[in-house]
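Both of the next two complexes hold chain A, though its partner changes from chain B to chain C.
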Partner chain A sequence: MNVVNGVTLRGIEALKVEVEVEMTGGLFAISVVGLPDATVKEARERVRAALRSLGLSVRGRVAVNLAPADIPKEGALIDLPIAIGIAHAMGEVRVSRPTIFMGELALDGRVRRVRGAVPAALLARKLGFPLFIPEGNAREVSLVKGVTAWKVGHIRDLFAHLQGFSQLEPIAPGEEAEENPEPDPDLSDIKGQAAAKRALEIAAAGHHNVLMTGSPGSGKTLLARALKDILPPLSDEEMMEVLLVRSTVGLPLHSSRRRPFRAIHHTSSTISVCGGGTNLRPGEISLAHRGVLFLDEFTEFRRDLLESLRQPLEDGFISVSRASGSVTYPARVLLVAACNPCPCGFLGDPQEPCRCSPLAVERYRRKMSGPILDRIDLHVTVPRLTPDELVQFEGQVGENSADVRQRVLRAREVQWRRWGPLGFQCNAELPERALRRQVKIDAEGRRFLKDVAGRVRLSGRGISRVLKVARTIADLAGDEGLTTVHLAEALAFREGGDLPWNR
Partner chain B sequence: MLLLNATGGFDASVLEAAADRGVSWEDVIAGSDSALDALGVKGAPREALLGLISSGWCDREVDRCEKKGIEIIFFGEARYPPMLGDLRDPPLVLYARGKGLPPGDAVAVVGTRKCTSYGSGCAYDLASMLAGAAVAVVSGGARGIDGAAHRGSIDSGGRTVAVIGTGADIFYPVQHASLFGEIMEEGVLLGEFPLGTPPRPWQFPRRNRLIAGLCSRCVVVEAPQKSGAVLTARLALETGREVWAVPGRITDAVCRGSNALISDGAMPLVDLGEFAALASGRQGELFPPIPRQGVPANSPLTPEEAEVLRILGDHGDMTVDNIATEGKMSAAAVLRVLGVLSAYGLVVPSGPGRWGSRAARGA
Partner chain C sequence: MAKHIDLGAAGESLAARELSRLGYRLVDANVRMKMGELDIVAEEDGEMVVVEVRTRTIGRMLPPEATVGPSKIRKLVRTGRAYMDRIGWEGPWRIDIAAITVGPDGKPALEIFRDITVGIIEP
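Entry: the complex of A and B
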């Protein structure tokens, strides 16, 4: 059995790579086989130099095989196992039991930080192998409980450890997760905007996607950022998923139950949002996994980019296909989109005149349709407050995020109890059929909905959205059945219901 | 007459000239030089006229109109609206498409294409009140105020006249195609330009004189200083029509022209109901509110709804926060009420996140 192992990343999963080394006589050459990418091939030089820094000269023909042979290996994290594999073959060190090594080597033998330490730690835990990781990755690995790991600063120390001269420092279980991170921003920091705050509360409770329309400077971005802190805190499992994605991308980690918030710009490429690229990496939508994905200037986004977001919004994961196979990244996000009411942004503003021609507004309106809009349940407009109003609201302190979150948590629990047996978690996930069958409306509410749907020309899909949102509103209130009260409020958030051009 | 009209630049005065100088129409149609000289047809129009005569355009135009169900009304015919006789330059020919000119008085409701929601709301409500009082609404079929006026009249079952600045077979703007269709069901599309005439800027001031001629009162809802609507008002004044204007905010450029009209002596329109009563000649009668998108009789307003309506009526455009503070309600309650009221068309969004009352303006 091969004892020296490395890892390679596939999606957010680490795969074990066995490193086999054969040394024969002849002219010096190192060849690496087993679908190495360019970085892995270059490992030859780094490994040779690092070993040389220890006074170890590699001679003869060295064949390095990375098994399984049919999976592409990528990244410099495989430097260290190759070096150990060669040293093991030369008899310099003895690795007595299967072990996973990871790390990039510097020419002088230092071990550099790599991405993917958390997936590697999870793999090591699963296999029950000890793990050696670069010192720079120690903190993230410490967040994974139940793994035996050592941190390596220099390859010299690792040699000494394996030869039994000295001991490396084992990684102690790290800091506990930050339980209640301070909301940033807190809802009570935002003046006015009661309608938008209520929309966010409903969004958080039922996992409904939101579209906010408002003039520049009305506070759409701030509101979107506040949403992450009224969502329920991350559970242990969810937190590990978030860490996994971040570690795969190589972002700094911190242990916190705060949900991620990622804003993407409309000039972003599809790859940066969805993941992929030559070195497969998760995109922004996966970094926002279990958190909030914010699309500002929604109308400016390219159609194909929005189109590619549709599937993950439905499935909760995103598949990136390449010639060598496809990888899957998690992508369960709450989408918040924001846009201006017209190209100049001041349509209907009480102070600033709008400078758009009717045709330009018409064209802008038409852009606000398409695949993603079908996935958005809540539509809310955000007024730009006049200076007078800002002063007027100065004294009032609104509800803080923690209180809202309590209600959200309760509503989530109710939904979980109700839909759990049917296989859903929240109201937004309800398919049409379940909606028609399981959502009970009283007779008066039914009459009201029928009457209003005719008046405002609600489409079938529009009615489903109103029903879902109304269900969440009822859950927030703790009510069992749907009545006119809930339906009426849900109507205020219907598509286009509150835009000045829809009259 | 069709021929002369088609060349543009001729109006009914040419008929008098012809009678004065003893020119016979047969000679004109034959293209006789002396007849044309006597009428003073010179230069490019003369070339155009001769071209049309030689190509038999007249018969084809009549054919086309018949096919499309477009009526051609000549000056002097009984069908020709007598009001247009007041114009200095009444058109020789009118193309009419639809059910026909509504009898009785008509009110012109005109204004800018780039209107505010307040303006279009006023135009809509005014037109629907007039419709309720059986007064026809004349406007220009354009976007903005014009469109809102037509829409208001149609929604309340009134008859409305759209005076268009293109050929009667062309819908301009195209977004109003369905609106034009509805106008034609009860009212009429009227124009003086030959079929196939595309929209060109200089045609619209020309059509404005028809609007001024067709109405007995002309209301300018919202118009900036340089505006076709102000021009229409001026023409209406010259033709001896009453000119009214809806007062707007003095800070808005979009109201500058209409407000200037008031300061120049136009009558300010401050009460829609009263004006409708005046226009229908039933002044002093109590006017029942127009049963349009009202609340169904079997579910009257809840106290909360009445309160929100009152607040919006008192203060104008407000955000949810303002309403909640003023009415001492929760935001959720306000949203609930707005959800219902907006569905019934009693409140309208006036800007992103702002709401205004409809009932306060209408009743």
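Entry: the complex of A and C
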């Protein structure tokens, strides 16, 4: 039976790769078969040099087969299993039961850090195989509970371990996750902006996407960053998902229940945001999974990029298809977009005059319309603070993030209880049908909605969004049915409801 | 005989002496095959070794080992393979170069390059 295994990544999942080695006589040559990419092919030079550093010279023809043969193998993480496979075939080490090895080899035999250690640990746990990983990956693997793993600094130590001369250091369960990281920034650090803060609270409670419109320097970015800390902390399962994506990309990991926050620049390419590339990698939207994705200068983004965000915002995952196959990355994000009200940025500002022609404003506004706006439930204006407000150093500060988060958590529990049996998690996920049937409005609220919808020309979809937001507002207040109060507040956050050009 | 042939023959016998002193067991010398000739065939530590001997007088532009180029290596690989086939050797084998430089005082210096095909990705 073949006992030496490596892994290769497919999406954020690790797949087991069996490493079979056959050695015959002849002139020295290592050939690797089983769809290796260039990095894997080059492994033979590193493997031979590393084995040589142990005084082990490989002779004759070496055929390495990576099974299953039809899956492309990528990355240097397969160096170590090839080396162990060769040593096993030479009779130098004994691997007594199926084991997973991963790591890139240096010419002198050191084992280098690789990406994808967390997916590999999950695979090892599922299969019940022991796992050997590079020392540099020890921290991230320590966060995976219930896996038997050892860290390898040098291939010499691994040989000694397998030969029974000495023991490697097993990986102990890592530090507990940081439960309540200090909010950065805290809502109470942000002056003024009561409407925007309220919008963020509603967004966090019902998982509604937000668009903030405001002049330069009004604090849109700061507000967006504050959102991640009023969202409920990551659950164990969610934290694992976040770690999985980060490990797949090869980013450093830290154990924290803080939600991810990723800001993307408007010049970003579609691939960097959605994932892909020649070696498939998750993009920013997957790094923001379970957290906040912030698009500053929303109007400047290329149309095709925004279009490609539609499907993941709807489905919570993104599929990337390439000639080499199709993979799925998680992408459940809360979208926060920000833009200026007009090209110069001062339309509607009380002090600074706007210098844009009506035509320019119109053109700017049209850039924003489009399918992606359909996914945005909350629209809020972020005005610039007056000098008086800015230089106010003491006195009234707003609520802090922890208090707001308590309310958000309560509202989420209400939604979970209500929609859980129907298969939804939050108000924003509700499809039209369920919304009309399930959301109860009192008679007065119904009259009010009809009246306003006629006056401000709300579309059918517009009404749905108002209802969803109103439902979240009621959940925050702990109310059972929708009344005029909830609907009126929700209407203020409708598309174009608060924009200067609609006043 | 011409001078350079004498030099080559002297080099080969010197190499044979030195190699057996270093622990190689001589198997064959000056093997003529259809596609070429093997200077020395020896065995070391369970491995067959095809040794290509190059002898040069100092003062030439190139050191002796540099005169074995890609086409010579290909030829050695082909000839070696055929030889191993003929003697029925199924174990590993390799190619070494014994480079002899004759100094101005007529004293030869021997240098052995082991396993020269390693690192050539497609041999």
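Here, the second predicted complex is superposed on the first by the 498 of 503 C-alpha atoms of A that agree within 3 Å, B and C clash if a C-alpha of one lies under 4 Å from a C-alpha of the other, contacts with A are read in each partner's own complex, and residues count from 1 in each chain.
By definition in this document, contacts are C-beta pairs under 8 Å (C-beta built on N, C-alpha and C of every residue); 3 or more make two chains touch, one makes a residue touch a chain.
Source: prediction; values computed, not measured.
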item	value
First, second, both or neither for A:Gly55, with chain B first and chain C second	neither
Which of chain B and chain C A:Gly91 touches, first, second, both or neither	neither
Which of chain B and chain C A:Pro387 touches, first, second, both or neither	neither
Which superposed partner A:Pro421 touches (first chain B, second chain C, both, neither)	neither
Touching partner for A:Leu347 - first (chain B), second (chain C), both, neither	first
Partner chain(s) touched by A:Gly460 [first = chain B, second = chain C, both, neither]	neither
First, second, both or neither for A:Gly26, with chain B first and chain C second	second
Residue contacts on chain A - larger count, chain B or chain C	B
Partner chain in contact with A:Gly164 - chain B first, chain C second, else both or neither	neither
First, second, both or neither for A:Glu45, with chain B first and chain C second	second
Complex interface listing, chain A residues touching chain B	192-198, 213-215, 218, 341, 347-350, 353, 357-358, 362, 380-385, 389, 392-393, 396, 451-452, 455-456, 473, 485, 487-494, 497-500, 502-503
Of chain A, residues touching chain C in the complex	24-29, 45, 48, 59-60
Footprint of chain A on chain B - complex, ascending	113-114, 116-117, 120-121, 143-144, 175, 252-254, 293, 296, 317, 319-322, 324-325, 331-332, 334-340, 342-345, 348-355
Chain C residues touching chain A - in the complex, by the definition given at the top	47, 77, 80-81, 84, 89-95, 115, 117-119, 123
